[in-house]
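Below, chain A partners chain B and then partners chain C, in two separate complexes.
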Partner chain A sequence: MNGATTSWSVLGVVVQVMLVIAGAPVLVALMRQVRARLEGRVGAGLGQPWRDLRKQLRKESIAPDGSTMVFAAAPAVALSSMVLIVCAAPFITTTSPLDGVADLFAVVSLLLVASIALALAGLDTGSAFGGMGSSRTVTVAALAEPTLLVAGFALSVQVGSSNLASLVEHGQRVPGTILSPASLLAAVALWIVVVAEAGRLPVDNPSTHLELTMIHEATILEYAGPDLAMVELGSAMRLAVLLGLWGNLFLPWGVATTAGPGTLALGAIVFVVKVAALGAVLAASEVFMAKWRLFRVPELLAGSFLFSVLAVSSSFFLS
Partner chain B sequence: MSVALFSQLLYLLCGGLLLSSVLMLWRRQLSALVGLLAAQGVLLAGMAALLGTQDGGLELYVVALGILVLKGGVLPAVLRRVLANSGAARETQPLVNVPASLLAAAMLTLLAYAVSRPLVELDPTPITHAAPVGIAMVLLGFFMLVTRRRALSQVAGFLLLDNGIAATAFLVTSGVPLIVELAVSMDLLLVVLVLQVLTVRLRTAFGDTDIGELRELKD
Partner chain C sequence: MSLIASGLLLVAGATALACAGAALASRISHRWRPLLSGALTCLVGLGGVLAGMGALSGASWSVTMPRLLPLSQAVLVVDPLAGLFMTLVGVVAIAAGIYSVGYPHPHGDEHKAAEGVGSRTVQAALPVFVAAMVAVPAAGNVTTFLVMWEVMALASLVLVLAEHRARPEVGQAGVWYAGMTHAGLVAILLGLVVFANAAGTESFAGMRAASSGLSSSTRSLVFLLVFVGFGSKAGLVPLHVWLPRAHPEAPSYVSALMSAAMVNLGLYGVLRVGFDLLGGGQRWWWILVLAVGALSALYGVLQAGAATDLKRLLAYSTTENMGLIFIGVGAAGMFAAADNATLASLLMIAALLHTVNHAGFKTLLFLGAGAVLRSTGLRDLDKMGGLAHRMPATALLFGLGALGASGLPPGNGFVSEWLLLQGLIHSLSPSGSPDVATAIAMPLAVGAVALTAGLGVAMFVKAFGVGFLARPRSAEAAAATEVPRTMRAGMVLAAVFCAILALAPLALVRSLQRALRALPSIRQERPVHGALELQLSGIRGSMSPVLIALALTGGALLIAFLVRRTSGQQRRTALVWGCGGTRLSPRMQYTATAYAEPLTRVFDDVLGPEQDIDVTHHAESSYLVQSIHYRQRVADRIENRLYPPLFAAALWWATVARRLQNGSVHRYLAYGLVGLLVVLIVVGVSW
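Coming up: the complex of A and B.
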């Protein structure tokens, strides 16, 4: 790799990080807007999450009595693990200098680090809601994690590598593998996991503070000011990262495989369109759905685990 | 048609069959079961037609058309009529709860793969490689038949079982003789019609289609 290519691929990573940080709150706003329009409301507009973040950043940061480092550090840990994923994963270009880190299993672990940090913070406050939210977060994460790993295994068996960039490049080179049964079943399984991990309906309702239904909101109830802003930005980025990963694994077209100004620009545009479209589809489907009882969530995740097991077995017996 | 395209289409259809069978175990809504059965019938007809392109004969196309009409059209229509009359919208109490039956389905699929290994090794072509899917469907159909309580979801399990047998037959023998397929289809239609009558009788006798009610003898 010569000097010019290296600098272009570094630029690619910088663009990717800026795009996700700036765009994640807009994605959340877009999804709220789609819901609002379909429900016959006007909606708050695309700038609202950024206005909320600006407002929270000006406020004072307060912590509950008796809370420790765990509570103080959790937002930074959650946000920085998301930033690390965005640096390494191939969202607009596969030629990242951090390519070696962009392993599917490493990315899954980083996602888990973020949710565990927030779950510990919820426990650290000592409030009843925090503990309840943490227990629910960990339940959902423990059920979703095996699915992610097994479905990731089904994808990486076809390519012979669990590196995200090689998965995306292989998908571009041999489009037939995307239509193979293994990858379709893995797509269904991973979509359910994306919904569960991002805390969307029917697993978690991101727009309520109703005590019976909260999962993510319960763990972060005690945060205020800049800390809350970090948590909110982190969860918006989590949504963008999950949708982007799903989009690039199963619709890999347009991701830049060579570093250059043209391919990077195309990659950025395609990535924005892809994530916005997936987010709009998810939001539109949520209009027709109610939140499931917490006790039925394991049923949903057992279903997605089954799909991932079928994906692995069919990648062996149908090949 | 090139071999690569053929096997890819075949595997895609097999994946669809497996997916729809598993979804049948997952969904509790009886109307969703009927829709999945119709989709499965269409996929099965597609598989017969696809094998017909390799075979060169007209017979498999006729079989495919028969399957399309019967399993994609007539049987789902009959089931929809039963559903409209029965008043029960969903499977409320399966004997094995849904998460456990999904895990059982994963086990059964792996079992199907394990038991059909020697079969595949006899003649390893792309078509026989897909044979475990048919056997998995048979096992899933059996499982659904024994664990569901509503008459209609038992009929759905029975039809899933039959679809599995048909898929296995297509994949192992590369096409069933027309006369055999016709006979099987006629039997199937008769069975479902009889079951329809039975369901209606069950409902008029007990006001419900839960076959658990049949345990006690009544005059």
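Coming up: the complex of A and C.
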């Protein structure tokens, strides 16, 4: 790799990080807007999450009496693991110099680090809500992790590598693999996990504050001000990361495989369109869905685990 | 004198001192006894580390002492594989030895030395136990091995029973432990005797040379017998039942030694006999090992997830981690039998690295649990809480251990679990079709590892979050104080060990690769290499633990700094929101039982929790409820299903045997006569 290419690929990583940080709250707004329009409401517009973040940054952080460093550090840790994933994952370009730092399995673990940081913070508040949200977050994460890893296994087997850039490039080079039964089954399994991990319906309702149903909101109930801003930005980035990963693994077209101004620009545009479209589809499907009770969620996740196991088996038996 | 010889000399010297110390114990005041015992334990550990490091650096060493053991001779042979396990035992022993100095006097009050833990027998048995564990891998023939194995078992039994006067459960745990460890010894003894008899020699070198000439049924019989024996020591399901009993009842530094060092010797036995002496063997052996490993990992993690006793939780977590290690070993054996040295060596490195990682974090966790126990008298997570304020150092160190154990970056367990997954996923290559057994076993193994990893995270969030965070749930937890300096020093040492493993696993991988040379069917140079990034030979896959750790912590600090700068406000402390009502009481917090309830309910069919609700009504009216008692107990179902029939059989046999012995001398003489006749007839027929 010569000097110019290296600097372009470094620029690619920078653009990717800026794009996800700036765009994630807009993605949340877009999904809210889609829901609002389908439900016959006007909606708050695409700028609302950023206006909320700005407002929260000017307020005061509050820590519950008796909480520890864990409560104070959790938002920064969760946000930092999201930024690290965005640095290492191929969202607009596969030429990232950081690709070797974290592969698919490491990215899955980093997603879990973010959930666990907030789950510990929820316990640390000492309120019943915090404990409840924490317990539920951990339950969903513990059951989603196997699906993520096994579906990742199914995808890696076809390519012979678990590095994300290799997976995306292989998908572009050999489009047939994406239409193979293994990939299709893995796509279904991962979609369910994306919904669960991002805290969307029917697993969790991101817009509820009803005590008995909330998961994510109960965990972060005690946060205020800049801390809350970090948590909200982190969860918006989590949504963007999950949709982006799903999009690039199963619709890899448009991701830049060579470093240069043109391919980077194209990659960025395609990535934005892809994630926006997936977000809109997810939001539209949520309009027709109710939240499931907590103890039916494991059934959903068990179903997705089954899909991922089938994906692995078919990658062997049908190849 | 070589490093190995001087290390072993140190072990021998310190053990002799310990025995002399035990004899002189009546002269030493109980104030100084723990110091002496801890120092000797550290010396033995240091000897183990020196000898082990010497062997790992490539030197080999052996000695024969012809008259030391009756009917046989004592042979010590130290090769790199033995060196790895000796180093591991040594490191754990040094941390536990330092820690044990302060343990009998939790509040620095030497007049209130804890009953049992400070006793002479226990203090003398500690260095002996460590010395036996260092000597087991060094044994070079069957007799030496079995003698050392038995010394290890007996010394640990004495240590488990340390507090038997204070609590009746300790005696129960001791009986279980004694029964299981001796049943295991019988299996190992039978296996090795069959092997040595068929090979015509009892030295490991001779058996190694003769093993290829044995019939395959003999080899399989030997392997199955030793796998049962070593598997029970390693705590594999269904022979794990002694772990959740003995570990909680033993003094905590003994639990650390047993759980982080002794169970590894079970693994050592399987590696030594299966891969080294028997030379790899058949594929179905390793499919069996893989299956038992997967079962242990899943069952262990589920039981640990439901457990509320902190030390019991850690004991089940040992079963889980040994399960993960045996998944790696089994898969490595499968590929070694199929002549795929690349994958076999990668998986074996993953298994060995996980063994070392497990030793590191489990030492730290048990020592941390011991610190809580000494300070509060509590093992029940439901009564803890808020300890982070009162025991900040212990909380931080336990948190680091939990991070390592949960297999999340940047902890040390993450690296080895990642390597294990890489080994398993590359078993199905995109080009060549694997055979059916591999194609079925590997996805299931990945599923088991993945489910174990997910549930393991939940378990350690529960252990750390409920135990140390939020507000105290009992008066004991509220009155906790930080433990003495020596105990903290022991934990810090274990934490440093974990940190090195987490950030620079490659520094260790080179030594592990040298240990693989002792396993002829697996041996391959450099399956894992790289500087900053972990690269795999012949496989595309890389990950950089040190960069991930740096980016995570650096990023978090930077983000926190930037947010503070932009908002410019301090964090204010306020009351927890109580739904507009009065202040929440600590009793309203989630307990460990409540925390694990969703997962317990999801895995209802496996765990089978027993629930009990007592509703007491007011005397005046049955419509008014006075109190509700809810109890939940998660029993070990495998234990309850499998063992009662065995006990019943043993009791039946005891009853029958009692009829034989009725006190009549005439009948005893008749037994003697009949016995003699039978022996004569058998000898006459067979000659």
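Keep this in mind: the second predicted complex is superposed on the first by the 318 of 319 C-alpha atoms of A that agree within 3 Å, B and C clash if a C-alpha of one lies under 4 Å from a C-alpha of the other, contacts with A are read in each partner's own complex, and residues count from 1 in each chain.
In this section, a residue touches a chain if its C-beta (ideal position, glycine included) is under 8 Å from a C-beta of that chain, and two chains touch if they have at least 3 such contacts.
Being a predicted model, the structure only gives us computed values, none of them experimental.
Enquirer: Clash or fit: chain B against chain C, after overlaying the two structures on chain A?
Expert: After superposition on chain A, chain B vs chain C: fit, no clash.
Enquirer: Just checking: does A:306 make contact with chain B only, chain C only, both, or neither of them? Give me first, second, both or neither.
Expert: A:306: touches chain B, not chain C.
Enquirer: For A:53, select first, second, both or neither according to whether it touches chain B, chain C, the two together, or no partner.
Expert: Neither partner.
Enquirer: More chain A residues touched by chain B or by chain C?
Expert: After superposing on chain A, more of chain A is contacted by C.
Enquirer: Considering only the touch criterion stated at the top, classify A:161 as touching first (chain B), second (chain C), both, or neither.
Expert: second
Enquirer: Applying the touch criterion given at the start, work out whether A:314 contacts chain B, chain C, both or neither, answering first, second, both or neither.
Expert: It touches chain B, and chain C stays clear.
Enquirer: Is A:179 in contact with chain B, with chain C, with both, or with neither (first, second, both, neither)?
Expert: So A:179 only meets chain B here.
Enquirer: Looking at the overlay, what does A:188 touch: chain B (first), chain C (second), both, or neither?
Expert: first
Enquirer: Is A:266 touching anything from chain B or chain C once the two structures are fitted on A? First, second, both or neither.
Expert: neither
Enquirer: With the two complexes superposed on chain A, say which partner A:298 touches: chain B (first), chain C (second), both, or neither.
Expert: both
Enquirer: Touch test for A:17: chain B only (first), chain C only (second), both, or neither?
Expert: Neither partner.
Enquirer: Quick check on the superposed model: minimum Cα to Cα separation from chain B to chain C, whole Å please.
Expert: Nearest C-alpha pair, chain B versus chain C: 6 Å apart.
Enquirer: Take the contacts of chain A with chain B and those with chain C, and give the residues found in both.
Expert: Overlap of chain B and chain C footprints on chain A: residues 298, 305, 309, 313, 316-317, 319.
Enquirer: What residues on chain B touch chain A, complex-wise?
Expert: 4, 8, 11-12, 14-16, 18-19, 22, 26, 97-99, 102-103, 105-106, 109-110, 113, 120, 129-130, 132-133
Enquirer: Show me the residue ranges of chain C that touch chain A in the complex, using the header's touch definition.
Expert: Those in contact with chain A are residues 385-386, 388-389, 395, 406-409, 414, 418, 421-422, 424-426, 428-431, 433-434, 439, 443, 446-447, 449-451, 453-455, 457-458, 461-462, 464-466, 469-471, 533, 535, 539-544, 547-548, 551-560, 563-564, 566-567, 569-578, 584, 586, 588-590, 594-599, 601-602.
Enquirer: Would you tell me which residues of chain A are touching chain B in their complex?
Expert: So the residues of chain A in touch with chain B come to 176, 179-182, 184-185, 188, 298-299, 302-303, 305-307, 309-310, 313-314, 316-319.
Enquirer: Spell out the residues on chain A that touch chain C in their complex, using ranges where they run on.
Expert: 57-70, 72-73, 76-77, 79-81, 83-84, 87, 98, 100-103, 105-106, 109-110, 112-113, 116, 119-120, 123-132, 134-136, 138-139, 141-150, 152-153, 156-163, 166, 221-222, 225-227, 229-230, 294-295, 298, 305, 309, 312-313, 315-317, 319
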